[in-house]
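Have a look at these structures, which come just after this line.
In what follows, subunit A forms one complex with subunit B and a second complex with subunit C.
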Partner chain A sequence: MPPPTPLSPPELSYLFTSLSLSPPIRPDLRAATQFRPIIAECSFLPHCNGSSRICMTEAGECIVGIKAEVEKDTTSKYATVVEREKWIEISVEVAGGGASGPGSGVGVGGISGAGGAAGRDEGDGGAAVWLKEGLLAGGAAGWSILDQLVISKGWHWKLYIDVLLLTPTSHPSPLLLSTAVNMALDSTYMPKLTSPHDVDDIPTFSDDWAISVPLYDPSSFPRPPMSLPVIAIGDNVFLDPSVAEVAAAEVGLVVTITLTDSAGSCDIVGVRGMEVGRGGGKEGERKGINRKLLRKMVTACVTEAGEVIKGLGEATHKQMFRA
Partner chain B sequence: MAAKAPDRRRNNPPSHGTTAPVFLSTSADAPKAQQEARPPGEIRKIFLRTGLIASVTGSSFLEISPLKLSVSVLGPRPLPRSSTTPFAAQAILTTEVKFAPFASTVRRGYLRDSSERDLGSRLYQALVGAIRRELYPKSRIEVVVTILDSEDEGDEVNTIFMEEGKASSELKYWDVGRAERALGVVLAGCITAASAALADAGIEMYDLVSGGVASVFVDEADSKGKGKDNSVGEKLYVRDPPVAPPGGKAPLATCVIGYMAARDEISELWISGKLGTRNGVTEMDELVDEAVAAARASRGVLNEAAKERVKFIVGKAQATAGAEGKDVEMTG
Partner chain C sequence: MEGLRNDGRRWNELRRIHCQLSTSSTNADGSSYIEQGFTKVICNVTGPAEPSNRQRVKQDSATVSCEVYFAAFSGTDRIKRGRNDKKVQELQTAIQKTFDSVILTHLFARSEISISIHILSQDGGTLAACINAATLALIDAGIPMSDYVCACTAGQSTSIFDQEGASPDPWLDVNYLEESDIPSLTVVTVGDSEKIVALSMENKVRIERLEAMIAVGISGCARVRGIMDKEVRRYGKEKLEAEGE
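Then we have the complex of A and B:
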């Protein structure tokens, strides 16, 4: 099911036409690659290792808290086996009970695709899945966040990333969720280990937060990943689409990228199809993405988004309690 | 059981019973050994049959070496009265992917977990654009995939061995992309088999969607370098990749697509892993091209499977038309 939209078929058709013009006219008169302003705060939850609050027009508001727990390497099948993928747990919760109300819990993030199983037990598992996927893939070339979670022999941090959506009736964009997770990760600090690395005794930590260790070292790369929704209508490509634009779009993607150097260039760490409304077009025109359009959409993300991620990172570091 | 009133809450079996499919025994040659010898540009052999389940509108069974899955298509049938959406101008498609509890090394529960739900929504995305849903208003079409056997993460695959100590230089790459490759092969199989089942159900589509999956690997030495310079290494593209990476190679990314060959359109795209952008998006482009090539290869098998139903209908129509020899209108 496409995200719920209050627009009627004629309205969608009007929107479709204005977005397929050259140059396109967006309802809020933004440029095709322009992002909407956001309000972003971080490090404000006292009980968390990292936290963030993101407020976006239309998409609403969400809070992310990251808590880390010391955990012994668990073994599953045999005594020798460690399942590292379980070291990170992401949950997306919708405030106010979730399942009631239009759009709540169903298709959170726009790409969880409530179409699967009629959205009945969908909840927000979909959003958690792709958020985690981007996080784990973000280090494929020799760096992994999982390596950062190793404390000492036999011990690791277990990271709980809890996303709370405060506006249950809106349809949150993937951008909201991933921006919030990105900022929270960027502001996450772990207490410094005081016991030796190579001993498998219970590790001990310094209680001085002034010498705590950042999860993502602010001076190093890659930075935490971020997922950007991108839609296309005709040959026009739009970044940060609004709910109405998603409803009218022909195709959509969520491109997950990570910043790889200080100049603002990015690597792609994931691309996923995004569910769109196909609301305004004529039937039988475009049913999928051709490769030329795919190239165009991903290029738009890669070239335009570096600056956005960089700016967000700078905002995070400015707000950090240790800055 | 038969004497009781029909149970309205479940999909009842047909009153006349069903017959189990009988496969001719071909188990003489072990399938596992073949994988090693396969060149990177070649996909595994696919077995695809339609119409094995008599009680549903359309069904298919697919086998790609260890992977075995069956797809049932139910409908189009009317929306239930109790549904939250009593009216729909277009058919509502629902997809469901479930691993059988015994399909992987670690037992899976009966409730669908998040990765199964995710596969379901990926499959939905792949199929929804291809079906002519506007021809089936006020109805729903259900696609149910049951995975009977899969090449899963296995023992030494998704795991590290603690006795070896945390020599993390060896262990660093063990988990990257393994699950994605395993799930990617499953998803590509689901897409191909679901298309065949939809064709078998006689549901009108713009084009058949075939699944393709490709992975890109680099030499392990290159990937251990600075990380930024990994683009200099020779890349190895593998279509329909095995879960275990080729010797001495580190995985970079995996791409799964649902591809409509006749329209040259991608209905579903799922890339996971790291792709550099030094030369624009060419790295991604090359990977997508490989996946498209894999999807084109499986399209051949899909076409043959879809023909089965057409042949069946034509044969039936000819039998009833008798000697008149009327032309048969073919749909789908």
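Then we have the complex of A and C:
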């Protein structure tokens, strides 16, 4: 099911036509690759290792808290990969505010192939699944977040990432969730280990937060991943689509990328299909996507979004306590 | 005898209260954010609107409903509280009953006012912070109430002076450490009228101490009212000025 819109068929058709023009005209007069403004705060929860709050005009508000707990390494010799992936636990909670009730089963951003696994009554449409996927994939050249979670021999951090969506009725975009998780991860600090690395006794930590260790070192790469929705209508590609634009789109993708250098270049770590509306055609008359367009969409994300992610990262560091 | 508490406050000092109105960009009719020390709470209010379910319709007044969510990361340890958790239910009932009696519900027959509260960080006085946040959000939503509903906690220190006959002062606005250590209560008043609309206490305390604790709690409520009133006026003025331009 594509996200519901209040638009009527003639309105959709009008929107479709104006978006397929060359150059296209978006309803809010943005350029095709322009993002909408956001409000972003981080590191404001005292009980969390990292936290963030993101507000977007249409998608609403989202709060993420990251907590790390010390856990004994139970990884067996053979099932390492699967067991290591349990070191990170993501849960997405959708607030069932008042009249609307808990999520009506519409997945977050309608991302396909990740549905339902995380529990019916949370209505997150498996957002936790694709968020985690991006996080685990997030790194080129053998770099993995899981390696950062190793404390010492036999001990590791267990990372709990709790996403709280405060918008029960509006349409939460994957951009909202991933931006919030990205910022929270970027502001996550762990206490510094004071016991030796190679001993398997219970590790001890310094209680001085001024010398705590960042999960993602701000000066190194890759940075935390970010998932961007992108849609195409005709040959036009649009970043950060609004709900109405998604409803009028022909194809939609969620591209997960991560920053790989200070100049703003990015690596792709994941691409998923995103459910969109009927794109000007009749119901059930899906045109499919050709390779050239697919490439164009992914390229648009990689070339245009680097700067946005970089900007978000800079904003995060400016707000951090050690500024 | 006067000493300092573990966070450096005197017995009659509140923690820093920071409040904000209209914090949410979402479709809620009113929203607020309050920090009382490290206790941080967000509140959204929707309504008066058509009730979400028929059973909630009252023919002569509005229904007040309340939902409280503890964020899993709100405490020192990560605890996920479900919707049927006892503590959550208790908070919901307390808040709902309090506001049901203070909101002028007879003005909105057959409608529902829903309060949804998110607790982001807990450091003592959770119920008090929830009620203060709900008051601000209800004001933001423009829902008529007889006055501010203000809540504050007070605890009774069990110090050594107890045995010597000198009565130790009750502590105003206890934090998490104090709350887990000494008996404390939450007082909710309407405005600064000293009229109590809710009182909650979960520990044992000597009966002769109770009076003093309530008195200190009430004086705390009056101060909380002042702080909230100041913020509401500031926000209102700012809003009017913005509209005037």
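Definition applied: the second predicted complex is superposed on the first by the 286 of 323 C-alpha atoms of A that agree within 3 Å, B and C clash if a C-alpha of one lies under 4 Å from a C-alpha of the other, contacts with A are read in each partner's own complex, and residues count from 1 in each chain.
Basically, a contact is a pair of C-beta atoms (placed from the backbone, for glycine too) under 8 Å apart; a residue touches a chain by one contact, two chains touch by 3 or more.
On a predicted model such as this, the values are computed, not experimentally measured, just so you know.
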Answer with first, second, both or neither: which of subunit B and subunit C does A:I66 touch in the superposed model?
-> second
Greater residue coverage of subunit A in the superposed arrangement, subunit B or subunit C = B
For A:D208, decide between first (touching subunit B), second (touching subunit C), both and neither.
-> neither
Given the touch rule stated above, what does A:C55 touch, subunit B (first), subunit C (second), both, or neither?
-> second
Now for A:I268: first (subunit B), second (subunit C), both, or neither, which partner does it touch?
-> first
Check whether A:T260 is in contact with subunit B, with subunit C, with both or with neither, and answer first, second, both or neither.
-> first
For A:S144, decide between first (touching subunit B), second (touching subunit C), both and neither.
-> first
First (subunit B), second (subunit C), both or neither touched by A:R291 = first
Counting only touches as set out at the top, which of subunit B and subunit C does A:P46 meet: first, second, both, neither?
-> second
Listed in rising order, subunit A residues that touch subunit C in their complex are 39, 44-48, 51, 55-57, 60-61, 63, 65-67, 69, 91, 93, 95-101, 160, 162, 164, 166-167, 169-170
Which residues, counting only subunit C, touch subunit A once they are in their complex?
-> 24-28, 38, 40, 42, 44, 46-47, 49-52, 65, 67, 69, 71-76, 78, 80, 112, 114, 116, 118, 120-123
Any idea which subunit B residues touch subunit A in the complex?
-> 92-97, 105-106, 111-112, 114-115, 117-118, 120-126, 128-130, 134, 155, 158-163, 165-166, 168, 172, 175-177, 179-180, 206-207, 223-228, 230, 251-253, 258-260, 263-277, 280-281, 283-285, 288-289, 292
Subunit A residues within the subunit B interface of the complex | 1, 73, 76-78, 80-85, 111-118, 121-122, 125-126, 128-130, 133, 136-144, 146-147, 150, 153-154, 253, 260-261, 265-273, 275, 278, 283-284, 286-291, 294-295, 298-299, 302
